[in-house]
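All chains are identified by letter, namely A, B, C, D, E and F, in their written order; residue positions are counted from 1 within each chain.
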Amino acid sequence: MSDTKTALVVSAHSADFVWRAGGAIALHAAQGWKVHIVCLSFGERGESAKLWRQSGMTMDKVKTDRRREAEEAAGILGASVEFLDIGDYPMRADLDVVFHLAKVYRELRPSFVLSHSLKDPYNFDHPLATHVAQEARVVAQAHGHDPEVPVIGAPPVFLFEPHQPEQCEWKPELFLDISSVWEKKQAAFETMRAQEHLWEYYTRVGLQRGAQATRNSDFKIKYAEAYQRVFPHVTQGTLA
Amino acid sequence: MSDTKTALVVSAHSADFVWRAGGAIALHAAQGWKVHIVCLSFGERGESAKLWRQSGMTMDKVKTDRRREAEEAAGILGASVEFLDIGDYPMRADLDVVFHLAKVYRELRPSFVLSHSLKDPYNFDHPLATHVAQEARVVAQAHGHDPEVPVIGAPPVFLFEPHQPEQCEWKPELFLDISSVWEKKQAAFETMRAQEHLWEYYTRVGLQRGAQATRNSDFKIKYAEAYQRVFPHVTQGTLA
Amino acid sequence: MSDTKTALVVSAHSADFVWRAGGAIALHAAQGWKVHIVCLSFGERGESAKLWRQSGMTMDKVKTDRRREAEEAAGILGASVEFLDIGDYPMRADLDVVFHLAKVYRELRPSFVLSHSLKDPYNFDHPLATHVAQEARVVAQAHGHDPEVPVIGAPPVFLFEPHQPEQCEWKPELFLDISSVWEKKQAAFETMRAQEHLWEYYTRVGLQRGAQATRNSDFKIKYAEAYQRVFPHVTQGTLA
Amino acid sequence: MSDTKTALVVSAHSADFVWRAGGAIALHAAQGWKVHIVCLSFGERGESAKLWRQSGMTMDKVKTDRRREAEEAAGILGASVEFLDIGDYPMRADLDVVFHLAKVYRELRPSFVLSHSLKDPYNFDHPLATHVAQEARVVAQAHGHDPEVPVIGAPPVFLFEPHQPEQCEWKPELFLDISSVWEKKQAAFETMRAQEHLWEYYTRVGLQRGAQATRNSDFKIKYAEAYQRVFPHVTQGTLA
Amino acid sequence: MSDTKTALVVSAHSADFVWRAGGAIALHAAQGWKVHIVCLSFGERGESAKLWRQSGMTMDKVKTDRRREAEEAAGILGASVEFLDIGDYPMRADLDVVFHLAKVYRELRPSFVLSHSLKDPYNFDHPLATHVAQEARVVAQAHGHDPEVPVIGAPPVFLFEPHQPEQCEWKPELFLDISSVWEKKQAAFETMRAQEHLWEYYTRVGLQRGAQATRNSDFKIKYAEAYQRVFPHVTQGTLA
Amino acid sequence: MSDTKTALVVSAHSADFVWRAGGAIALHAAQGWKVHIVCLSFGERGESAKLWRQSGMTMDKVKTDRRREAEEAAGILGASVEFLDIGDYPMRADLDVVFHLAKVYRELRPSFVLSHSLKDPYNFDHPLATHVAQEARVVAQAHGHDPEVPVIGAPPVFLFEPHQPEQCEWKPELFLDISSVWEKKQAAFETMRAQEHLWEYYTRVGLQRGAQATRNSDFKIKYAEAYQRVFPHVTQGTLA
């Protein structure tokens, strides 16, 4: 265990981490954190419409393209990324996925974890990814799981913003000012050439959350990302 | 406006602030904060059973006793206290109360506000106190209210723990380690000689919330107080 | 205080207690309970459409008619009834209403209380009636309110079924078999000649709730009334 | 009663109707509907920050300015507007307000009603406006209220979008395509010179809701407004 | 793709579609729609009590009987029906079921989908059926799933009424007038000779929902079915 | 079927039944009930930290130790216990588990069932155990499941208290006075030598719930256990 602080991002598809948590990733990376992203799939079936419209497209080619984009985006944000390639639309995760993630938790020993909303009627892969990320966290806390490897503590879990927040029963409980790294987030999502229609959408999300962050504080914030908490926050300092 | 940081506590009855927020008050006071408590009533009708069992008791004498206890408790915690004496069981608050509290907000300029849960089927004075505290906060933000006095920003509001949390639809979202000031909190609530049966109850609350705070962090915490947030937290730093 | 067990029903309008709680009233009355009904209004403006369609109708005549019907219905069910005549559509309740109800609580010392659902977007008088009934209950528990009169304990409050349950966020948590007194309930609501269109509606409600009660037990129940609880049930016996 | 269809908008402050429902107003007006707006206040204290920053500003001047802006905006949208001038921050509504609105309901006989979200921790005037709008609707349905004037039916109530939807527990249940009248909405809100900072914010809201409307249908929609329903929709036609 | 409009019904057991959606099916069929019903099981274990009370009954015979009844009912309603025979009490659905349903979606291209409530503590097959129906809908939208077959758009999903609505956290958001086809619905459920006790129950449901539909509109409706929406409604027309 | 009343407890791990339901078990056993406990696992991986800290510990030895403790505890409480040994952290349950539990239901014919909360973000084995317990209950009600064995009725299900109630969205709806058997519960949990840190925690839970039970009744109760109901209560007697 080094002194470097670490964070873990569990993303259902290869681009989710960019739209939804790119700012948080870049912000922590810029401060010297090691941020590691696990993409459970490439989003090859459900989130690659533009690629599939090209003639002669194959599953392998879609995966290769999506992987390259995601690696490029992770690089821009300053994070490492791995792909479990478990398939999407619909996603299914067996025990191996849980155990692999538990291993990642114990090796990385993250100070916090980012994943999807608990519900999403537009995309059932998203809540599944969060469920697996949370189950693996609990397994990594269990002394009887791989007893020779030290257990982890209780890293907080933050749920990043889904595409249609109210329909996903997701609620912003924490605004993170990402203005200082906005250009990196923008550069990262512009690598997603297959999803160009989302660039403007997520730029507006950043601006709206920035305006709301301003209204909920005495700061002036241009761009923000919003997160929901899973667990209570614990503080030994002051309340504000 | 001095450099001293400030906090505001709005308490329906004269003892609520001790049981529910005594730790937070003492903790911030110990760090040099000015903490000001507004008690809307003395709890003279509804929370002074033991006094009323004494023969020859009068309303004035109950109020005097309750005031003395509350002032003593506030002193131990290191806070100032004032009493609006608007009556209890049932409490009613007219516009004067809202405007007085708005004035307090603008003078004190608190960094945060503490008050009751949003619902309480056992005690309707509690949600009323919170409602008034919140309405006054919004009035104090309005440029057209006493336009010559500077408006306030957006101090966060934390809801302290009600007596029966689940029945009040209240949920702990933040645990504050109060171990370092536990003795002050204990000394403060022991001034409440009319409510001796609650001493043990709230000692156990402190221990249970401490154990839960430990489980939700990598700290070892003996005593904690729990709070629910009203507004999203805004941060310009890291997530953890 | 005699040995007779007692119950209190707080009804916004003069007929509510019949449709929604007539079975419970008759059932307890039949077992020797004293059941007392407080009608906050006659429903003279909002629930007397048929009367107002008669030519030459006046407010006084409507009230007189509605009172007579309600007294007749209460008599059939075996309960006493009083009318506070505070107006309806919209209803407003000042402190006098709360204090009067608190006095009723202390005199009657009910073993349980029945009132309306906590929400009702079709009729704001209903949640107001429940709010007042609950506030008065808490006042009656306060040692400093009329200190010479003994306080009450903690009678459970049951919320009877609104006209459109799901829209009122009301949920049946307790089914009461009212088959043995169904004829009394039917006779009582047939006194409501101004609301004939509801006879069939509430007969079907009784049958549906009966069928559901059967499905949730090992009893065979023809007619039932459904109630939501406000407070947890406390038992010193067994769980079933 | 003419053949012209009508709609009622109840707005807490003088500008709310523009940001939140300007599209719906213009769309129906463009189709020949009479849309009538009731502003309960001018937003003179709480929503006129820019005016109050001018030296020598008085309450009267603020009201006059805000009224002029709102009238201009209503004119652009094609609606009539009236102001009840009951004050804001905090707003209080007595029975006169309810009865006046009930009169408006009976005269206008609206096919639908628009008002604020049921909760808003940033602005308690908003839920109060909706509560009053709903209470007045129920009073207007009561045969005993002004018995000589015909009662109204059951017009649906739609809640327009608050500034921070998730914090207000508001959920979009209906997207209305307002692309065809977007220019009118934009022109209307640009009359709000005191709130210039909101122009971009609400342009982005329109685009985000448009993108979401597209995702929830087989239409291509650029700008949309979102609404929550209070009552179930009733149809005699098909489901889609 | 022809001009005929289509609808899809996903029913956990062979009779669910009759009790819960028979009116909607008949109504659309009567207007020339092609309505297709997929029964995931015959309800052979859990919903055939009366058959199992006959001596010498076998699983095959129960299935045959239930299939015959359901086919007869579908015929009366004017719909086609297929049976996946995946078993019930408890139901389990593997990927084949999801893919088969996705194929049905793409072939049928329904304008809307009907299925069960999201929760049902009395019957876990019901929420499973809805989950599978929704997952398949998302798969059918994925360009990478069977890329040579055109994807579908975003048909709305309506959840029909469970047996005990409040316990299933189901809420009516849409009332459909089914008076014109009531006789067909009645004839259809009378084919369910094994569940005769439900005939009266669902007749009363139809009447209660009809009365409620009347109260929520300016129509006079005798029989209605109620539905909950999963997704927001999108309209390019007027609000009412 | 004998005259002895019976109850079933489904516990995810070998100690859950002691902390959460030990009082209810002992209370009913003391009144002559047969109470049977099914432990789905030994909690060998996730709830045996102290054992795993011993050198040379093996999975078999942990299971043996935990089984011995649980059997001893069950004996003290007066109940029988069996272990399904399906593994923990994470737990998975296949159809065999459901069918075995269904068999237990039909043999035991319990008057009520106890299991875990419906949600628990700290421990996903807990809600899984409840889900399986509920699915098996429904299977045991199905006439087509093992048709030669009589089906069961509708025993109520009570959810015992999780470690952090508010985070699990669990709400106490029923307080059971366990003062008379407190010493047995204490003796039982003191057999859990691997989890000594919980002894004080659960003693305080018992005292807090006792104090709350007192506040919600006219009884004086020292120790209580709290339960949430899954199904509505049905009564043929009185309401209180």
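Note that a residue touches a chain if its C-beta (ideal position, glycine included) is under 8 Å from a C-beta of that chain, and two chains touch if they have at least 3 such contacts.
Remember, predicted model here, so these are calculated numbers, not experimental data.
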Worksheet entry | If a chain touches subunit A and subunit D alike, it appears here | B, E
Worksheet item: How many steps does it take, at the fewest, to get from subunit A to subunit C if each step moves to a chain that touches the one before?
Response: 2
Response to the item:
Distance between the CA centroids of subunit C and subunit F (whole Å) is 38
Practice prompt. For subunit C, jot down the residues that touch at least 2 other chains.
Written response: 122, 167, 172, 212, 215, 231-232
Fill in: All chain pairs that touch each other
A-B, A-D, A-E, A-F, B-C, B-D, B-F, C-D, C-E, C-F, D-E, E-F
Discussion item. Quick check on the complex: what are the subunit C residues that touch subunit E?
Written reply: 122, 163-167, 170-172, 200-201, 204-205, 207-208, 211-212, 215
Practice prompt. In the complex, go through subunit C and note every residue touching subunit F.
Written response: 7, 24, 27-28, 31, 33, 111-112, 153-156, 158, 172-177, 212-213, 215-219, 221, 224, 226-227, 229, 231-236, 238-240
Worksheet, complete the sentence: Per the touch rule above, subunit B residues touching subunit D in the complex are 95, 98, 131, 134-135, 138-139, 141-145, 147, 230-232
Response to the item:
Per the touch rule, the subunit C residues reaching subunit D in their complex are 44-46, 48-49, 52-53, 57, 59, 62, 88-90, 92, 121-124, 167
